[in-house]
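Following: one structure in structure tokens, then a few remarks.
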Amino acid sequence: MKTTILIHCNDQAGIVHAVTGFIQAKGGNIVYLDQHVDKQANVFFMRLESDFEHSAPTLDTLNREFSKKLAVPYQMQWSIHSHNEKPKMALFVSKYNHCLYDLLSRFNAGELQVEIPFIISNHTTLKSIADQFGVPFYHIPMTKETKASAEKTQLELLVSHKVDFIVLARYMQIVSKTLIDRYPNKIINIHHSFLPAFAGAKPYHAAFERGVKIIGATSHYVTEELDAGPIIEQDVTTVSHSHSINDFIAKGRDLEKIVLSRAVKLHVERKTMVYNNKTVIFS
Amino acid sequence: MKTTILIHCNDQAGIVHAVTGFIQAKGGNIVYLDQHVDKQANVFFMRLESDFEHSAPTLDTLNREFSKKLAVPYQMQWSIHSHNEKPKMALFVSKYNHCLYDLLSRFNAGELQVEIPFIISNHTTLKSIADQFGVPFYHIPMTKETKASAEKTQLELLVSHKVDFIVLARYMQIVSKTLIDRYPNKIINIHHSFLPAFAGAKPYHAAFERGVKIIGATSHYVTEELDAGPIIEQDVTTVSHSHSINDFIAKGRDLEKIVLSRAVKLHVERKTMVYNNKTVIFS
Amino acid sequence: MKTTILIHCNDQAGIVHAVTGFIQAKGGNIVYLDQHVDKQANVFFMRLESDFEHSAPTLDTLNREFSKKLAVPYQMQWSIHSHNEKPKMALFVSKYNHCLYDLLSRFNAGELQVEIPFIISNHTTLKSIADQFGVPFYHIPMTKETKASAEKTQLELLVSHKVDFIVLARYMQIVSKTLIDRYPNKIINIHHSFLPAFAGAKPYHAAFERGVKIIGATSHYVTEELDAGPIIEQDVTTVSHSHSINDFIAKGRDLEKIVLSRAVKLHVERKTMVYNNKTVIFS
Amino acid sequence: MKTTILIHCNDQAGIVHAVTGFIQAKGGNIVYLDQHVDKQANVFFMRLESDFEHSAPTLDTLNREFSKKLAVPYQMQWSIHSHNEKPKMALFVSKYNHCLYDLLSRFNAGELQVEIPFIISNHTTLKSIADQFGVPFYHIPMTKETKASAEKTQLELLVSHKVDFIVLARYMQIVSKTLIDRYPNKIINIHHSFLPAFAGAKPYHAAFERGVKIIGATSHYVTEELDAGPIIEQDVTTVSHSHSINDFIAKGRDLEKIVLSRAVKLHVERKTMVYNNKTVIFS
């Protein structure tokens, strides 16, 4: 069994020594070890990939013993993930197709180790793409009036399919507190600007208006405050006076799909940790 | 004589034809021609480098005839610059030395076709560098109370040395309306963030706090609204959770000096035009 | 009618004036004008977008008069393209799917103003994607022995469908002189390295072996010498000691599809001109 | 005392555990820990910053005990460096001033924790800059005939000043085996291309000729084979058909100085390890 362990706790002497000793004692071989100390906040972070090929404790055993020997004494927040688990990813889309195409193509090509139980949309525009890739598509219309009941329907689908995380692939709707509380740091959004510049609606128009020479895209975990959650990944591209707003949008599409797919991969490979509304990215 | 002509006016049929015809009639050879039409604003921009080696009209003649034959009929705003003119650049600094070192090194190496009549600072910290490069250094202290009189002294120096444009090489002071009005789109600032993100004080601290994955620097013309003038040049570099604020600052220094020097070069080579608080950059 | 005119010829006084005068005389309005002079080679290049909405000469008329009044006197090589023409693009693929997915997704999304009459492959691996997007797929197996006859079959398909240009979307086969001669500067390849570094087979392995810190991808027109044709577009991404060859390949896939799609767009929008085995890119 | 420990050895179970246990036992606190396993070569690399503020063993003691308890049993190659040591850096230059200016400016600004005992040049061109910054300058002319004796003089200077490493800041001379053997992986060169493309002389001319769309600079340790040593750092910038060779050179200057200074910093902070003609960079 291959596992990834994620840990964070107050920084203390001897943690690395204790954790590596634990893995060794269980017959594991450490394949990757990344650690980071936030000195301002005095918090220790670690990501550890181990191979228990020959010893083969169960995930339950590992969890129980890790808890007793390390997590409790060091007051850690932690999780252990077997590489056999494929997380279930739900896609929320609206009318833009580029991010959906990109994610489904990568999924089909074997780039993303996930299951995709369904796509949800408030429009039917992208149903044909879902059909093309053979992924169930749920059209859940959403108006100001029906928002609460529509989100209830969404939540029922998410729960019944045991969805692990949600990707807003240009969903264009504000997700409510109910959903966010249910999926804390598990809803990944792509915002079409270099945040914190141009948060909110129509960022390409705002960037054009301001006359910037570089535009960007930002993928972040969704929190209650709009476009203000922990940033996972950002990238940029140059623009000039000769580009129209439509050129910004076209260039931005390429950024959006690359940045979102990178963020999704990091999340799937459990290379992201969240603390103080920021991310630690072990890549 | 080699010249650069800058034009902007309402977009109209036949401008390129008319201007190129004028140059040809005067015996000039067009070396570069760049044009841009802002379709939203319906404004035409042109930059034209011409070589009058064999015909040699005077700059005065060119100006007079250009005005009569083109500028008046087409209602152009325009300027003609001989490549023999070396613009006079004043440097305003405070305590940070990296941009000053970079600009003076480039100047010494022959990269910048300017004259540098003097450096002004509100501190004496960088006097030794001015001495090292043999450039006059004026220490003009500035407090809240003395700001008006200090700026008056600055202005007298600028006027008496016939300074053409000012570079704020990490000057750290807000320039007042008097100076800005005197040098419209002729004061170049370097701001240590990817504007419009993190305008104002301590942008690296704000970027660190927000947890961005990319930081930037922006060079812009100074206008009355702080950090909101027309952007000339921007560049960025990646950061991660493993970087401290001091790492941001160190990485930022390299960005700042590169971005500022590019902006200064563009200005000196008359490749910048300003319209609607945005720039057209012919590079 | 909207048109794009491409011109190159020896640099001579008055060309811009003459061409803009011609457009004006025909009732056209110049929308974009880009020109470039290669001073080493003394060659003049121009790209001109014009709008003849109100005058509406036919393409034939324009061609005939342009030839008589400009092309012959100035000894130009030139072409005039109506924006109503959609060029026909054939796709050649082998087993890798990422570039094919990307191009077909963009095509479906309306990003590429082309027709795609068919996809050719020497394997059946990607037939399902062709089916998914409803594009005819021809499986033309190719061995050392059958190469000549296979290329004959390819050529018949190309000719019978009046294909304008070919995109090798990770085709992995060397295209023979016959095809290249028939489509000069009209076969676009994507090479998975930053050319001229790592030309030939297995560039990611070679890059890994060399220990480079940046990898790239290059799109170029195919010429007889392998990986040595005129470069249209390049881009790069950083790598480190912590990346395996498989990481290089995965990062490279994203580069390849972005770089190839940019090159295809530039070609379709007639923003590329070839001279002396180099490109002039008007973007 | 703050220390940095660098280790590499065959990958074996329990190394991290053993090393972290050693530090802890000596009263040290681990500040940073980076490790990397080259799975192809089965080699383990580690960089460890520790703080022995309260326990304060001497560097000698640490070295002796590390050797006995870890290095011998695990057959490690290793080094321990106190942060109080400032390495001595010799600069070799020829006629180009931009890298020299940049390094001396950074040194003066306190960015580089080194001593600079002297600058060596085969020309007197840059003596005035050495004077400007108060660094001793040795003019050692070099012709084909005098190369051996000139290098002998260089070596005497290096030895007598106990120089730790050498930076070739656009030195433009091939360094001989004698010097390389004396300073293995301790001579840092900046090559003005994106290696392995355009090794050897006149890379900007070769890049221009080939029509690349991106140019680069590469900093590497010098080995006997020209421009083929382990790469420390690379960076690139875009170019286009509109740039002349002189534009390439000017853009390249900025790359060269940034890339060289980054490589020098990585070396000074002991973040580089060399193995199989490649580097592991802990940054």
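As written, the chain order gives the labels A, B, C and D, with residue 1 at the start of each chain.
Basically, a residue touches a chain if its C-beta (ideal position, glycine included) is under 8 Å from a C-beta of that chain, and two chains touch if they have at least 3 such contacts.
In UniProt terms the chains read A, B, C, D = Formyltetrahydrofolate deformylase.
In this text the structure is predicted, and so the values were computed from the model without any measurement.
By count of C-beta pairs in contact, A-B exceeds the other of the chain pairs B-C and A-B.
With centres computed as the average of Cα coordinates, no chain lies farther from subunit A than B.
A straight line joining the Cα centres of subunit B and subunit C is 38 Å long. Between the CA-based centres of subunit A and subunit B the separation comes to 42 Å, rounded to the whole angstrom. Residue positions of subunit C with contacts to 2 or more other chains are absent.
Touching subunit C in their complex are the following residues of subunit B: 13-14, 16-17, 20-21, 24, 29-33, 35, 37. Interface of subunit B with subunit A (complex): residues 36, 38-39, 194-198, 210-214, 216, 230-236, 240-242, 244, 277-281. Partner subunit D is touched in their complex by these residues of subunit B: 97-98, 101-102, 105, 108-109, 111, 132-133, 250, 253-254, 258, 261.
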